[in-house]
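Consider the two complexes below, in which subunit A is the common component and subunit B and subunit C are the respective partners.
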Partner chain A sequence: MANNDAVTVKEPQAPQESHARRWRGLGWGFIAKLLMMALVNALGLAIIFSAVNAEAWAILAASAALLIAANIIYFSKRTLPLKYLFPGLIFLAIFQLFTLAYTGYVAFTNYGTGHAGSQQQAVEATLIQNERRADDSPTYPLAIVRDGDTLGFAVTDDDGFVLVGTEEAELSAVDGAVIDDRQVPTEVPGWTVVTRAELFADANLQNEVIDLRVAVSDDAEDGSLRTRDGSTAAIYQSSMDWDDEAQTFTDKETGTVYYADQEVGNFVAEDGSRLPTGWYVTVGFDNFVRAVTDQNLAGPLLKVTAWTFAFAILTVLTSFGLGLLFALIYNDPRIRGRKWMRTVFILPYAFPAFMSALLWRGMLNREFGIINDWFFFGADINWLGDPWLAKFAILWVNLWLSYPYWFLVCTGALQALPSETMEASKIDGAGRWRQFRSITLPLLLVSTAPLAISSFAFNFNNFTIIYMLTEGGPPFAGTSGLGSTDILISAIYNISGVSGGSADYGLASALSIIVFIFVGIISAIAFRQTRKLEEI
Partner chain B sequence: MADATATQVSTRRNPTRRSRWWGEVGWKYPVAALIIFYAAFPLVYVLSASLSSSGSLSSTSSLFSDMSLSNYAALSDTSYWTWVGNTLIVGVASAVGAVFMGACAAYAFSRYRFKGRRGGLTTLLIVQMFPQTVAFVSVFLLLTALGNVVPALGINSKIALICVYLGGALGANTFLMYGFFNTIPKDIDESAKVDGATHAQIFWKLIMPLVTPILAVVGLLAFISAFGDFILAKIVLVSEDQWTLAVGMYQWVSNQLSANWGLFAAGSVIASIPVLIIFLSLQKYIVGGLTAGSVKG
Partner chain C sequence: MRKQIGMGAAVVATAALLAACSSDPEPAETTDSSAEPTTEESTGAIDASGQTLTIWTDAERQDAIQTVADTFEAETGATVEIVQKNFEDLRNDFIAQVPTGEGPDITVGAHDWLGALVEAGVVNTVDLAGVEDDFEEVAVDAFTYDGQLYGLPYATEAIALIQNADLVGDTAPTTWDEMIEMSVEAGFEDRPFILFTNGTSGDGYSAYPLQTSFGAPVFVQDESGSYTSEVGMGGEAGEAFAQFLYDNGQAGTGYFSDTIDYDTSSELFASGESPFILQGPWMPFFDAGDMNLVVSPMVSAGGETAAPFVGVQGFYVSAQSQNTLLANDFLTNYMATEDAQRALYEADPRLPALTALAEEFSSDPITAGFVESASQGVPMPSIPEMGNVWDLWNAAEIQLITGTSDDPAGTWSAMVEELEASIG
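Showing the complex of A and B:
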């Protein structure tokens, strides 16, 4: 980048001056760019290396591609527009386009609790879950060691060598350890030995020690060391035997054989019983079919969908209506103090929405809320616990939250209406109602209809107000986990299990796709209204 | 027109004029009082509850019955100020990022003619229709996978949350800014180019100062939406010291038994006052931005 001085160079020059003569050294801009790119490359390489370590090949490929693209774009002269688009495009690609596409993929899998990883991971998990202590297995003298928050086992093997391992790292020998006469390690270099007194004093620590599993080697079939008493460790081995060739598990005790069933992503026995840990496979339209046929789910989901539409439509209609009414009344120059009146009118909109919802949750409280106390003489009205009252409460609160928006929008639109048209209609003898119905409202709708549609789309996914006010409750009868004020997005939230509990990412994503379809249709209607596409 | 009729009437008998005034204008004052009550009573209540000395709902139903700052003082025993800090970090970072990336993209679309420009704009328009929040399951899965490689981009990291918000920035803001950039005459950049300015100089020194109003609007909208977002913040931020205000304050009152409404009231008064001031003083711009693009959360 040239210096600022370059701008002032205007003397007449020979037209054929060579480019080399115009060289004025490296500008500050170029140095800044170089530093930025050095930083970007360092960060990118760091990510690539840790992706190699974590064996995350998809992330490796994506970050390598993005890094190469960044270097080409910022050091080439021909990619000018891309220099400006690239930063935004990266974020758009990873955190929006990819997540949308990935939702589409997950919707066709059975990803979720019990199907959370690849088949390889399922094999290892199954081996570990079925570890039992072999009847005749030897015990080893054990010391509990720690390094900061990491707990480990230090054991002395039959030859007197001390081995240390943790949850993450399998057993390996350490040099320079000291053992006492009972062969228990007392000093381990790099580790602090936890004394028995410490262990007995701390119940949490005891539980952690009992749960700790230290792999003997990197092969899950070799089993692991565990302890029951904190002073000796024994080798636990899986009661399942994995046959990689035949892709089967054999239960060593019962002899049952479980086959890897790629259709359902589970290990299934002849009699139909299956092992709890599976892997995820694509299941076609199963999730969509389940959403409409599953007896526990279909009914509640239908009600939720109906309420989602009712909620979004009624919210827009009521708040638009109230806002328009207020705008019509107070768009009157004869009223004094309009300015501060308007400020108070829009206060609910300026107050952060999530706080309003929580505040109303408190005010609508059955026993202590001020709504019952002030306006209903202390009556015991269960606003948020009754299916219909809760729906009403949500609409009421959302009306309170959003009428100021429409008040502002309609006031603006009213003031922009052509006064000649109004005048003309008046001269032609139109009454107030006639004028409103035939002139004001149609003109107003031209400018506000697109906003009404986008407001509808917004409320269609207005998770905050539902979750803050009722959390979707009161719950429906049955095991669906959904409630009578759940809208689709809060239903998806419950089903997905991202906040804990049993997860069903596949079904949740399938429902997300359905929401996307609804939203897409709404937006397509909005586009026809605004003809935004033609402006480009 | 209405004034004209009013003066005509004024020559008549006084009572008629008054009743006419009452029918035309006067009744609007008591109605306004009703609306003001409707709009403001929850806010007055929260102020009163925050000044009450107890934290329960039951003792706060009579307004301003006791005045004490104990709830405000008690905030410092909680993680409240950490959450305020987190919210500011997340909000400011995503606002700055959104402004920067949106302005760059709008500049490219507005000033350059390149292959795929029309297609790019159309794609952005279509992508922005599909809100990220609906895809929260795959956001969660993506961050879980990224976290195994780069912990700073994983679950329970503010940086990850900022990145997620920035992913939605381009779609939401480019159009707003694109329209504004187009109103700046191209002759300005042409003449600077003739004088030897580079594209970066034109962007930073010429265009950016001219588009400051739209930058402020986009920054504010991005801040407000990060401030108010609940679902993504709740999924991404797991541990208490990482929470934003929305997640933390929800946790305060969501449990019926341990709900502490006094703390909530004090916390929301403190957090909402700056937002109220900013919003009311800049309402003209914000509403302009909202009507052109998104809807506030």
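Showing the complex of A and C:
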């Protein structure tokens, strides 16, 4: 770094320049930088090439821009601060901003079960779903035949006649064909037989064959031949007609017309019935509106939100209170074996939370759990099945899990309090309570309040304890799928459909954003309050 | 099996085929098979070099699929890429990835995902016309949705009545009363039978054989085996079942309680606290192997057959696959064979869906018991409406079992009404 001979002469009056500006030569440092940048460029180019292969143009543009920026920043002398900031900014963009923006985008769509792909894919899926094999269609031995670019099916019927047809021309008999002992046509006059070996060697040809439908007669109602394996064909009938220009499906049996409704991302008929497969569309604020107006959802979500706040606030208050109490008691030098006892206190904190929660779940079992057996004379208390008791059980177990943390923090903070202040207050005649209220607690809060805020934010999203202890139950009446002890994050988990059932990523993302806003606002307010504490 | 669309259309079509021949046709000449160079070529050996088939699977089945894939690779020259995922992730990943084009050609899956997969438009139909009859009917029914077959089944699973022969002898009871009598005589009047309720959540799945024995299916099946969205558990039959739950719950005999979660049920049965349990082959006491167990179909409480829900495992083909032909060839000509199905069974013993194998493995009395139970079962509905059922259904059963409602018929019909309203 500084052992560069080129910069031995310094102007005494000038303010000292940083190394990066001051240094002019091509020493080892530059070579190291060159090597590092070579690696970065290699990585960047690799990403760009694989983006080209995958036809991911957005990623291509972003990575190209970042790579160019990196080269400019690290080879230019003007961009000193950016040299330090750039790596952090990239991580911020990729891991925070992108996720945030993408969640935001999904929140304004109806992406989920039933709206998973594009409209084109929904059309394809609907056609697949409504093309059925005719009930008594035989399975015909099949050969794929071609005449120049025209692809056709040659099949042998039950009487040993070979019939040929193409997309344009319906099936008709040909003379002079030869079939093998499995009835598969091997020679068809006027056509070249495509062997299975050739067929499977060509991916494009395979897809053409899969898509080929050969009408069995001039009446479309009779259905058409189709193959799925390239060696047999059967008659299939489609019960839905897709009109690409009008963007409608017509049910051939009932005549019902389903229009492509871009507002909801479904094919909808006049009477309101819709086809099962839809596509995803942006729906504006619908997800947010639904969260507060949907009859099935709004009530339960409101209760869940209230309980989330109650749970997070009560958990922080109770565990902080109990932890502080024990910290005060066990900070007294008159207690013998303090160190040993403190270690034991920390044990619940040392166990993995999900295991403790599962153990508590067993202990709280109404019939077999030891809580009822040992502490309540075998009484029949339904800890996890009653809405209020289940809430209490959650708070209790979470208290058990988290007070050791506060015990640790408060013990540390108490020991750091200046003993002179304590002595001075004693001399001034303050009692124990007065001392605690006016000196210990305010000084303690200066160091612990930020931790309390982060603990609140953590418990606001404390999925583990809810999921392991009650799975959100007991359930609310109705079909919301939510329960009395669900907090917002476990409700989002249910709605997202990760655990099974139907998924609604749009709504789940919208709720995530609401949670983010809640936590953000509360943290901001709380930090402002904390700053006031520091002025004491 | 198939929905009776355009009944007789195929007859017309066949007639049309014949009509087309009527001009001046001559039956095609059959080549002498001895004249063919080799049988290999006449059966149409395929060469799919350069094509890649991607298959998603979970860890348990990976080796078995790999064995079949090796054969497929050797015979066709295609490359099979097997991607291992957690079973719980397969469904959602398939729904999310297929539309982006990053999905597999084939995935392992459970049949009750079908409704969601169809709604998402990510699954293709399959045609097993040649081999369909080799499979258990319930397995094929399970992969049938709105009259269309969407998967190749390979394994089934269902709960059955498991009895501890050391406590009550090895004769399987045939009715509910007989079972209770056997238990009570053996001194288990407190808990003659263990009904899993998933703790306080309730579990309609486990109580379903009892419910069907009263003739109250969740949804009505049409003649093709597909479920309709018509709720079938209302009315007198359903109310009789509700009364039964209530009578044997905490307000009655006390045989059922809402305290039986997975660990508790396993522990109670394994420690001999009760001689009968209605559970599946996944229970840990089967692995321990030190209990003298008899497995038989669930006894009837309401007089009709006690049909459990059958879960079926199988393979789905992606709707966006670029190798549909190859994927179908792999499934019908390689995966549907007895050897392949045997390999799957040996890698991960579940009841085989292939009838021949199910019979073969039924030489083991425990497997035989589960096979018998599954064969009298019905597929678990895969229609999206089933999603609305669980919460209401489980909650109503828990209310009856805990005796919190003293109007069983009213509770039940209120649940059915709410369910019908939510399905719309």
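Just so we're on the same page, the second predicted complex is superposed on the first by the 328 of 536 C-alpha atoms of A that agree within 3 Å, B and C clash if a C-alpha of one lies under 4 Å from a C-alpha of the other, contacts with A are read in each partner's own complex, and residues count from 1 in each chain.
Note that in this section a residue touches a chain if its C-beta (ideal position, glycine included) is under 8 Å from a C-beta of that chain, and two chains touch if they have at least 3 such contacts.
Since we're looking at a predicted model, the values are computed, not measured.
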First (subunit B), second (subunit C), both or neither touched by A:T282: neither
First (subunit B), second (subunit C), both or neither touched by A:L100: first
Contacts of A:N71 with subunit B and subunit C, given as first, second, both or neither: neither
Which superposed partner A:V498 touches (first subunit B, second subunit C, both, neither): both
First (subunit B), second (subunit C), both or neither touched by A:S425: neither
Partner chain in contact with A:M468 - subunit B first, subunit C second, else both or neither: first
Contacts of A:D219 with subunit B and subunit C, given as first, second, both or neither: second
First, second, both or neither for A:G362, with subunit B first and subunit C second: both
Contacts of A:T318 with subunit B and subunit C, given as first, second, both or neither: neither
Shared subunit A contacts, counted only where both subunit B and subunit C touch the same residue: 362, 365, 367-368, 471, 498
Contacting residues of subunit C [partner subunit A, same complex]: 2-14, 16-21, 23-31, 33, 36, 41-51, 76, 78, 91-92, 95-96, 98-99, 116, 118-122, 124-127, 129-130, 146-148, 199-201, 257-259, 261, 263-264, 319-320, 322-326, 328-329, 332-333, 384, 387-388, 390-392, 394-395, 398, 402, 418-419, 422
Contact footprint of subunit C on subunit A as seen in their complex: 113-118, 121-122, 124-126, 128-129, 131-139, 156-157, 159-163, 170-173, 175-182, 184-186, 195-201, 203, 206-207, 209-210, 216-217, 219, 221-223, 228-232, 234-235, 237, 239, 253, 276-278, 296, 362, 365-368, 382, 384-385, 471, 473-475, 477-481, 497-498, 500-503
Contacting residues of subunit A [partner subunit B, same complex]: 1-2, 4, 6-7, 9-10, 29, 47, 50-51, 54, 56, 58-59, 80-85, 87-89, 91-92, 94-100, 102-103, 106, 111, 326, 329-330, 332, 334-335, 341, 343-356, 358-363, 365, 367-370, 373-374, 400, 404-405, 408-409, 412, 423, 426, 451, 454-455, 457-458, 461-464, 467-468, 471, 489, 492-493, 496, 498-499, 505, 508-509, 512, 515-516, 519-520, 523, 532-533, 536
Subunit A-touching residues of subunit B, taken from the complex the two chains share: 1-3, 24-25, 28-29, 31-32, 35-36, 38-40, 42-43, 45-46, 56-58, 60-61, 97, 100-102, 104-105, 107-108, 112, 114, 117-118, 120-122, 124-125, 127, 129-142, 145-146, 148-150, 163-164, 166-171, 174-175, 192, 195-201, 203, 227-231, 234-235, 246, 249-250, 253-254, 259, 261, 264-265, 268, 271-272, 275-276, 279-280, 283, 287, 290-291, 294-297
